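In what comes next, subunit A is part of two complexes: it sits with subunit B in the first one and with subunit C in the second one.
Then we have the complex of A and B:
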């Protein structure tokens, strides 16, 4: 397989999307077909299951918020090269925002929800200001530490967070035109929010801003030399990811009907990390696969083993060993394996499009002069 | 006093890394549009001088004026915005992106720095500039290839395209011909000689043919110091340069 462009093809005037760089043979060719199928399944899901009362919240809605928080982690990792362990903290801060403003201060949810999202996003911004100056493992450690600091704060600040008991009840309401008390309505509203967030992440990755983030991921020095103020971009990206996580926190808080320190515990952080890795840290949508797996394990593993955490760990290791790109990467892995076998069976014909020697000096210079 | 007749003035610049004095009191005056080659043995401090001028790290002492303005404390990005472009000795490309996308990003720091949130599909003017730049360095048709699939020579050419994307007033190239085939060297040499005269050029190059063919003036560095400065003819005739290069290679072997 040659990745060289065919002679006849126009040279890129539009960006080649990652999908077109290496075409899968076997997997769905178009990302959007796959996305469409997954969304269609998610839409039909409440009708496909035997006990909707159980499946919608425990598997469906849980997958949506866990996946959203994990997606925010993957966005940062994939496009900025930062591994943040504070995503669940941002979601939790947003959730506490709703709890504080509605349960403690009595504001209507229609106000406390945007306030909560704003606070979660702002927390991301502040953390970013401190953390983006560090890189790689230090960024990870700082975000982890910040998460732990918030956890101990949440466990103790009784007048703000309700300490260990948390803040409750945080109940869904009937707004007349929509009745969020109905599980299905809540589920579809959450699904809509998640789909929009996914599209937003995807859109952003293909803007100038998104390209700049990818440049920073690959070579911050180069980006500075090109005139980009690297840290501003990093701060913006972390803030955006905190916003995504905060929306996830909204789904979470209305799913649990309360917010307590568990939400921001190390265990929750690990859940998010596991969902991201099992789904595939290179895939925005793949995290939802990881989240489903985790939700299923949480709910069913106890039925056949007492050591369900061991089972989660084992599955995590198996995925790491056999599908390092996560479940979402399996398609590509299979494609490559097939391609390899096929190439071995029938060696490819000699390439007739050898990489050409550089364009003769004259012609390139003439082109240069025309500018 | 900053002085606007010079594109670049480095005054007594020193840089120390831990105990290593990488450059020791180097001064350099470069007039607008001048082309300077910096030569010297490995470890002479050439790249360090570039990094100091580009603002990669603060200098230990001395001042740097860019385009008639004191730039000693300006961050890298601000220097780039004022018209300083540089390439790196070892390619620093965006490995996960295609060649075209690399240049696309390069254009976003300065010329196309607005419209951050507009979809890249809706910026045809910018993609046209990308194509022009790829053509100019001899990478026509390589746009859709991801960087990892490019040959070494092509990666160096891409480096150059990305520096040119800044429409620089001062262009600093760190060994642009490293690892080039003879044909690629010729192409590069011609391309550099053919740059518009209003681009001031500072070139580090081990290939003497290119270094001397392109330059109006040559600066010889050795052991962190500027030891000689002169026309290409002077340098070609210099006993001192010959000595250092021989001495340098003996040092290297030790």
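Then we have the complex of A and C:
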């Protein structure tokens, strides 16, 4: 653990201090076990609920598509430092793609689904070409504006989007070897897609591409000076996130059996943002926790109060105040609090200690930067 | 983390097989789509799920629905054939996604026997699609009015009021023959309700010999109508205004300030209290506006209507439509002495054969379970106290549903 020295003093560290000996907290060490347990719960979910025809679509499948779209937002925020409010729009464009090619043009779903994902991803690419030239609040605003432009278009372009009526029915089909009309099959297919996307996000974040993105997030000027074409990396990241959101859009459209402007409305954008913030904007998996909370609130908050949307807002504020890292960060907060308490209770270290060998300043600065 | 491609593919393959096997097992347990309600209801209760808006610009829908239901229960009692009527209320925000979530909760989680609702057109189309997947549950529409709802083939779906095209029944003939309008220009909001509403008016108006010279479809929430007013041709005899709420108030106000002197034909929600009470300056534009809809204006005097006014002194369109819908359901249940029958067929047969005098005239059903109802042509006039109100011009009896689902149009609809 490094400490900031006073001016003129040599930079020293105490590598053998108790803090440096600590192992990572339990759930960080066993992160993949935790992921496995969550996936196992998700797999057993249809067997654990008493009314599967309610719980699977209203909670299970809704959580999956809401979480997937929110995961695409978190990927961009966590690894590139960009907060995009257009993720719902990309999902909606993909959904409209399926609707247009299947309902309007009569193409089979096996063709219209990849076309829809392609269109959603392409939309992400085109938006990125414009949006990555901005940053911070301007990036957020431009993605929000693009989302609202598409909402207006979807509400009015009757020949393409069906205007307010939207496009329907977009029904799941029986392919003989697998019957997607069955809720459970659809749920498991969606779950499989989500797990693969989660792994893909993690994989990508740990490739040289992912490290470059994180470098760009931390210091775009330095990365540019090193020869990285920063905007190209950002365009690639936004395009990838649009792909993730588009798959979420596929699950959404077959869950709802229709697509209409509500799918790309400001309300839907806020739902995804709330799921991401409540779950934890720093955690790819945590967003699914946020999505579960939102799905449960949507369905059950009204049982407790008529002002159920106010309740959602209050919970959002409480999470922001007491768990700024989202529900996924609560475990870390609790651990830190326990350790702090233990450290206070522990006897002070002996006054006379053997002096530690000073660590070279360069090494300490490097550690500090890493931290 | 480092994943090798082969490991990912193997994991994905194993995962897929396991998931699909599980799905097959679970699917054989529960069956696919098409379950039913009634799980929560005991033998001595009938559970009715009420879907109405309690958020957004139609937030008063829930209060109107409760007022209507309570009025019927107060007059008739809450027990039929020894079975107590129980209610589960679910509020929506008027969007299709909200209605889809809440109607599934009512049926699949709360296990209601019957669904009453929803309020808005966007919700109505979604709920009808859902009704097709749960044939064991009976759906009675609340106030949603898209034409398509009763043309989807859902035999478990009933609507005891007119659709939005029927609400303009008789107005087209009246405008052409009585008012003498030959050419009309249209301005309306750009969504499904005004499509059907305007379609109902212009199909009749054009069939009578009238001409639609052009149409401006504007987004909901438009506040500036000066450009549109300037586009209205000088040689038209009247302007059709298919706007609602604050949009209608804005249009009427700007019609005055921009010197629009043409008489107006209002859509079914153009001259509601919001528009008429919004701005004193709209007086010149609003007076003389004719419109059609399920709610009569002043001067309508029947024993049933007067009785209704003692139960709900200040009705709005939602409380009236929910009243007629729930009263119809109540009378159906009463006819079967509270028996729903196998697959609720007993109740449905009773609903199909209903023939009763509602506050707004006789109600029967056609072969699509769509109401054959009376419709009212009203005109805006100044009340004695200086405020604006509507007066009933005529009652169009026994209006039947057409088969055309209207989309946006620029000239006479075919």
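Note that in this section the second predicted complex is superposed on the first by the 318 of 371 C-alpha atoms of A that agree within 3 Å, B and C clash if a C-alpha of one lies under 4 Å from a C-alpha of the other, contacts with A are read in each partner's own complex, and residues count from 1 in each chain.
In this section, a contact is a pair of C-beta atoms (placed from the backbone, for glycine too) under 8 Å apart; a residue touches a chain by one contact, two chains touch by 3 or more.
These numbers were taken from a predicted model, which means no experiment stands behind them.
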Touching partner for A:47 - first (subunit B), second (subunit C), both, neither: second
Contacts of A:187 with subunit B and subunit C, given as first, second, both or neither: second
Which of subunit B and subunit C A:30 touches, first, second, both or neither: neither
First, second, both or neither for A:206, with subunit B first and subunit C second: both
Partner chain in contact with A:217 - subunit B first, subunit C second, else both or neither: first
Touched partner set for A:308, first subunit B, second subunit C, both or neither: second
First (subunit B), second (subunit C), both or neither touched by A:230: first
Common interface residues of subunit A - those touching subunit B in one complex and subunit C in the other: 203, 206
Subunit B contact footprint on subunit A (complex, rising order): 3-5, 7, 11-16, 20-21, 203-204, 206-212, 214-215, 217-219, 221-230, 355-362, 364-365, 367-369, 371
Of all residues in subunit A, those that touch subunit C in their complex: 43, 46-47, 51-55, 57-58, 62, 152, 155-156, 158, 163-166, 168-169, 178-179, 181-185, 187-189, 191-192, 195-196, 199, 202-203, 206, 256-258, 260, 262-263, 265, 267-268, 298-299, 302, 306, 308-309
Interface residues, subunit C side, partner subunit A - complex: 1-3, 8, 12, 15-16, 18-20, 22-24, 26-27, 30, 32-33, 35, 39, 54-55, 90-91, 93, 95-97, 100-101, 104-105, 108-109, 122, 125-126, 129, 190-192, 217, 219, 407-408
Complex contact set, residues of subunit B against subunit A: 54, 56, 75-77, 80-81, 85-86, 88, 92-98, 100-102, 104-106, 108-110, 112-113, 115-121, 123-124, 127-128, 130-132, 134-146, 149, 151, 153-154, 157, 162, 165-166, 181, 183-184, 186-187, 190-191, 194-195
